[in-house]
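Chains here go by letter, A, B, C, D, E, F, G and H, matching the order in which they are written, and residues are numbered from 1 within each.
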Amino acid sequence: MKFAKIDTARKARTGFAEVVFCAGKEDAHLVSIFKRIFEMDGEVFGTRASEAQYALVRQALPQITFDPVSKILKYEKPDKERIGGIVVATAGTADIPVAEEAAQTAEYFGTRVERLYDVGVSGLHRLFDHKEKLAAANCIVAVAGMEGALPSVIGGLVKNPVIAVPTSVGYGANLGGISALLTMINTCANGVTVTNIDNGYGAGYVATQINRLAVGQ
Amino acid sequence: MKFAKIDTARKARTGFAEVVFCAGKEDAHLVSIFKRIFEMDGEVFGTRASEAQYALVRQALPQITFDPVSKILKYEKPDKERIGGIVVATAGTADIPVAEEAAQTAEYFGTRVERLYDVGVSGLHRLFDHKEKLAAANCIVAVAGMEGALPSVIGGLVKNPVIAVPTSVGYGANLGGISALLTMINTCANGVTVTNIDNGYGAGYVATQINRLAVGQ
Amino acid sequence: MKFAKIDTARKARTGFAEVVFCAGKEDAHLVSIFKRIFEMDGEVFGTRASEAQYALVRQALPQITFDPVSKILKYEKPDKERIGGIVVATAGTADIPVAEEAAQTAEYFGTRVERLYDVGVSGLHRLFDHKEKLAAANCIVAVAGMEGALPSVIGGLVKNPVIAVPTSVGYGANLGGISALLTMINTCANGVTVTNIDNGYGAGYVATQINRLAVGQ
Amino acid sequence: MKFAKIDTARKARTGFAEVVFCAGKEDAHLVSIFKRIFEMDGEVFGTRASEAQYALVRQALPQITFDPVSKILKYEKPDKERIGGIVVATAGTADIPVAEEAAQTAEYFGTRVERLYDVGVSGLHRLFDHKEKLAAANCIVAVAGMEGALPSVIGGLVKNPVIAVPTSVGYGANLGGISALLTMINTCANGVTVTNIDNGYGAGYVATQINRLAVGQ
Amino acid sequence: MKFAKIDTARKARTGFAEVVFCAGKEDAHLVSIFKRIFEMDGEVFGTRASEAQYALVRQALPQITFDPVSKILKYEKPDKERIGGIVVATAGTADIPVAEEAAQTAEYFGTRVERLYDVGVSGLHRLFDHKEKLAAANCIVAVAGMEGALPSVIGGLVKNPVIAVPTSVGYGANLGGISALLTMINTCANGVTVTNIDNGYGAGYVATQINRLAVGQ
Amino acid sequence: MKFAKIDTARKARTGFAEVVFCAGKEDAHLVSIFKRIFEMDGEVFGTRASEAQYALVRQALPQITFDPVSKILKYEKPDKERIGGIVVATAGTADIPVAEEAAQTAEYFGTRVERLYDVGVSGLHRLFDHKEKLAAANCIVAVAGMEGALPSVIGGLVKNPVIAVPTSVGYGANLGGISALLTMINTCANGVTVTNIDNGYGAGYVATQINRLAVGQ
Amino acid sequence: MKFAKIDTARKARTGFAEVVFCAGKEDAHLVSIFKRIFEMDGEVFGTRASEAQYALVRQALPQITFDPVSKILKYEKPDKERIGGIVVATAGTADIPVAEEAAQTAEYFGTRVERLYDVGVSGLHRLFDHKEKLAAANCIVAVAGMEGALPSVIGGLVKNPVIAVPTSVGYGANLGGISALLTMINTCANGVTVTNIDNGYGAGYVATQINRLAVGQ
Amino acid sequence: MKFAKIDTARKARTGFAEVVFCAGKEDAHLVSIFKRIFEMDGEVFGTRASEAQYALVRQALPQITFDPVSKILKYEKPDKERIGGIVVATAGTADIPVAEEAAQTAEYFGTRVERLYDVGVSGLHRLFDHKEKLAAANCIVAVAGMEGALPSVIGGLVKNPVIAVPTSVGYGANLGGISALLTMINTCANGVTVTNIDNGYGAGYVATQINRLAVGQ
């Protein structure tokens, strides 16, 4: 394609198909990229899409679906097998869009996902009710805005890696998510590493890498 | 005194005796202030003192004592009655100097203090073993550096106010305590308010105000 | 509810009913939460609501009222007894929305509230005319944007705790309220602790906790 | 001089003699500059000097004096007439070094100075006792660290300009004086402008400019 | 007025009439304030007004005028005498709105104003063509965005005070004017003090104070 | 121990023995902690130790060794089997102390480590010479200061997770490592997550978790 | 022109014709400036224009053209000779608008430009395929958002200067481009200097200066 | 060498010999690197060296010299021809160490250098006296701390590129040079690009690249 250098060797090199970051793409470019990837892979996955982009792409690919919560625009092969197991947890309900981006990304790449939403630190009994699920996961994606304390608590409970995702949820001194990011970077718990603010996709990707290693792929 | 406007009406107006912030005081000034307050109140309390200042003041006031952990330089009337009850908790052992500044300040002003140290979020069973003490306190001072998550967890467990004290403990992106301060300001828990970084004295003061109200003084 | 883990034990544990943070809630979720809490408690209180949310909730709960200044959407049991006494003060008229969020929160939770608005530091005679009211309060909530100096001045006048609420009022180097927050965190006055920017709700909550302790509840 | 382009036309152009910023000057350079200016003007004034620099310059200019509080190293013509009147005020005693730099700078340039030290906002009666002095001044230099609220209060009391000088006094979230600087820049009072942190010299200079205009020089 | 504590003693205390900051005022409040001040003073001056506010106030006060550049909404007594002299200078044409706020504020308060616009540091011959005007002014208001260097250059040319006004003009790393503010606060020139970003009103006010002192008022 | 709540269940819960963060520990505490852990585990591992702490601990545990580059103070059981394989890479030679902390931590926890030092982006042929080692690793720890670009480049080359460790190496606008941290958080490469600045220990810990999953432990 | 001091000597002094920064210009001013420059130079070049400004200017100058990608509004003399050679490279496709501003600016000033787009560090083979073009260029303009690593990599490959242009492309902790700016300022590569965020025009200008020197103009 | 990957192809690839950044190098490493480069090139150049490093290296290479102002430790081949011409200018005398690092770096790489020191914006006649030298230079390195305005002024005077070097000179809100860096990045002048704070070496390197292009090398 003239407007972008498509990285056709990507899947061979990294084990992951190309994914589309929809926000800001020009309409014509978006449609050709979706079509091209669908032709190559038989499925296609886009993040940060809008309703308008959904309407547009659907004209070219009628089987495409759009999830208004996660803003994911995708067509996924039916009956895809999912392996291993990760947990995606959120502190509050407002963090769910980012968590769904992580969970659906991991699922698209073949990972089995358990969701634990709204289990933040101001009422920790909600988290502790699920200790077994946490212990069983190959990796936990912990998503939190505001004070961002959830990954530190989970890090203290489990053996396996925790991917901390700060969100821009909050107001005032949350600094658009920078405060939650700093909380997570400064965690006193071991086994916690951090992604960019609202980067559900990135967390789902790394969780898949770890899950694949755990199941021996 | 020529070099400072001593606020003699302070105790009447606020209910608290004058306290000395020792750091940076000139030697001669420090000694006169300690002597003057001791003469007025029969006791005297200084924060952020050095060993050298201790040596100096002891020449004028031999009964003075110095605590190298909290850096408190004081002479306190014996058999002082203490009322009510607060908890001072820390996330790690490195937060103890600030916590002791808070605890000893509150004790000097007549508050009964329970200490719960090293109960941070990377091993929360250490905190949950003391739920009754937390529930019984009129106020909890929660002291934490690094990611600063402890006050949020305590805020979710208790009915009474939590005074959150960020500390400069940590390294790298802790920004000298600013990260922990932001965590606490953005807390998702209710009932939590925040002091300046390392301000154990301020927290002990407010905890005393609340404790006095609670016991009807 | 599927979309959120409602904390039904909350009132028993903390003494406070659940409150709704309306901003960003999906329409269907908002209505069910309002109905559910109204059924449990016979009253319901939401902050940061919009006119559109008011129109929506009113269809399900016709007795609901909306205050366009504080953005509070509530139905409150008539003839609720209010106890003790706190003051809510503002520096300017632009700080009133945040102050009303604090005052009405405290009132909803059963606190008697005295309002002192537009008494900022550029004309302190307006504050000093009300010294008796300040002295009589169990707690003062001091709300200020711009340079945020009001809590420091009030802290120097009273015996009881001052809850400082920075607001995003101002322009230029106010940094969306961070400047006022820093002013308050660095206060030279004793007895002052700080909430997040524009967090009237949080201040009303803590003031209620302190007021309850003061009246022996 | 080879190492610096001395601005000999400066006094004619601006009405102010050259002054020496001593910190960081090489020893040999410092001594020659002091001697050169003394030869030109019959007096000489240096800021931010050290004891060691005093010892050094005294060998060349035995009449030089050093003030360890303000770190000013100067020889001033005796019986210099001083005109008009300004006030230099501080919030706390720790702000006095910066205030003395301002006051002695203004005096060196021929301004009559009234000092009001330790009159900060946590005990405003100390300031209000001196309302007449404030009202009589052609300009007020208000020096404060920590929360930096003093200039806003003074700005609300007087007709004439207030020069606000933030200091690096404080700890934790004072950010080396940036917090006090932001407070002053965001002041809600009129007539207040701001200098760099700890810039007593700059404030004394501007106050002199204003005072000269006021007395018709 | 119920919604605001009007400071009726303000003019006596400070020598300046009340001025209205229009942005964010509720419609009904705005109109009553304009009417009230017009009744007291026979004239009225508002900053940061919108076209819509102009339409509104004009219904109550038909003689009101609106300047779309400076966003000033005012009625000024005809044939007002103006005294002394100040210069208002800008670096670029985009800084003119802030400069006009300063100039018209000073004029409203009785100051004679000379404007020197678009004389920034990337072409200094434009400034140097007006050295006499700069030298003649009792005070110079220097308005600049982007790198904010103009006040430093002017400070090196004149005897009298320079009021530096940073603007939010620029993009990228201008940080909404913080970069220009830092430039001005760190100026190597003497006689320069700084206001908040875009605070033309504040600069016009201080310039008036200095100009009045200079002409002996 | 009185001064700290030792977490004896830690190894069972997380699979990792307790490790000592030496910096700032009081002498007596440090020695008892080293002895206690050595008694429990037959080996002991401390980070950020000083020469003086080495001298101290050696008196109690003569078999202890100290590495002046990584500041690690340890006694490790001989002939420990190491499994799997990770790579620890650095951009420059000044990043080696942090890299060694990571590498030796991973080795202590039983991981086989390949070191690739001084392979930063200003001469990428040095990195590309080792593509096979990168491809073979279960996890890559990429350590870089200054502009911190190395993890992004490695992330584009490999299938497995990259743990990015920013260092405080650099000067000027490196902001003590914050600039490198921001680079890594904003990476355009997939599979990269980030630790705190200079947190070699944390990176070695997570790399061990991932390596264990990969070898089926 | 009344509203701006046109710098007619500019071309003689600097070798570059006046260019128009369109954003924020008032309609009437914009049209007169375009006409005036077209009359002087026979061509005219504006950056950061909108569709609406295009419509407006086209009425006065029908030959004007608008590029919606770069937002450049220009009329350029046909058959302009272009000399020497520079490369403009981008990390991603979203950086192309800024790159086109740089490339078209350089072309307008007579520079021959080679474009290398979408060659960022997460797939460096795309860059390395063009090593000869990079080596042949007199100057390389390297445009990147997100982690901003591209200029460091290019700096390690070439002999001639690299102009690094950070863009605001990205989200979360990209801080509107500040993160990419810091990456570039802290580069470990030699020969790299940096412009403001999104400042394609500035980069095209400097690249032209260097290219002219290289071809002996 | 074991401790570093020496880039032996560097000179062929980039046209510049390896240079040593001395700060932080271990003693043994420093000496071997100096010896190795001296053997390869017959000369050697190190920046940011200390007196102690000078003493050390002199034992191995007696011909080495040390400049205490620029902290450069070098042996340079005698009678090296220097070509073209650049100017290195500083705002104040405190900026000279950084300027000398730039000037001596450029000279080492074969560039003829004209120095213009202490010509900052608070007295611009000192700069304007040297307009011809500025106009004749192929490149100007402009070094400034505090408000950092000098490069903007020079950028407005010349045809050729200006390399702006912010320094950490200043105090208070200079933020260790970040303020000067922001000033330079936001410059309204064309032809100005920026290096890291205090990066004289980097500026001398780029200036040499440009100068070589200008003389046709």
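Basically, a residue touches a chain if its C-beta (ideal position, glycine included) is under 8 Å from a C-beta of that chain, and two chains touch if they have at least 3 such contacts.
Fair warning: this is a prediction, and the values are worked out from it, not measured in the lab.
The chains in contact with chain B and with chain C alike are A, D. Note on connectivity: the fewest chain-to-chain touch steps from chain E to chain F number 2.
By number of C-beta pairs in contact, E-H leads when E-H and A-F are compared. Chain C maps onto chain F through a rotation of 180°, based on Cα atoms and reported in steps of 5.
Same interface as B-C, judged by over half of the contact pairs sharing residue numbers, among the pairs B-D, A-F or E-H: A-F.
At the interface between chain B and chain D, under half of the residue numbers involved are used by both copies, so each side presents largely different positions.
Chain F and chain G have Cα centroids separated by 43 Å.
Centre-to-centre separation of chain C and chain E, using mean CA positions: 36 Å. Centroids built from CA atoms put chain F at 50 Å from chain D. Residue positions 123, 172-174, 178, 181, 185-187, 190, 196 of chain E are each in touch with at least two other chains.
Pairwise chain contacts present here: A-B, A-C, A-F, A-G, B-C, B-D, B-F, C-D, C-E, D-E, D-H, E-G, E-H, F-G, F-H, G-H [touch as defined].
Across the complex, chain G is touched by residues 93-94, 96, 117-119, 123, 126, 171-174 of chain E. Across the complex, chain F meets chain A through its residues 13-16, 138, 157-161, 163, 181, 185-187, 190-196, 202, 205-206, 209-210, 213-214, 216. Taken in their complex, chain A has these residues touching chain G: 3-5, 7, 10, 24, 29, 166, 168, 176-178, 181, 196-199.
Looking at the complex, you find that chain A touches chain B at residues 91-92, 120-124, 146-149, 152-153, 155-156, 170, 172-175, 178-180, 182-190.
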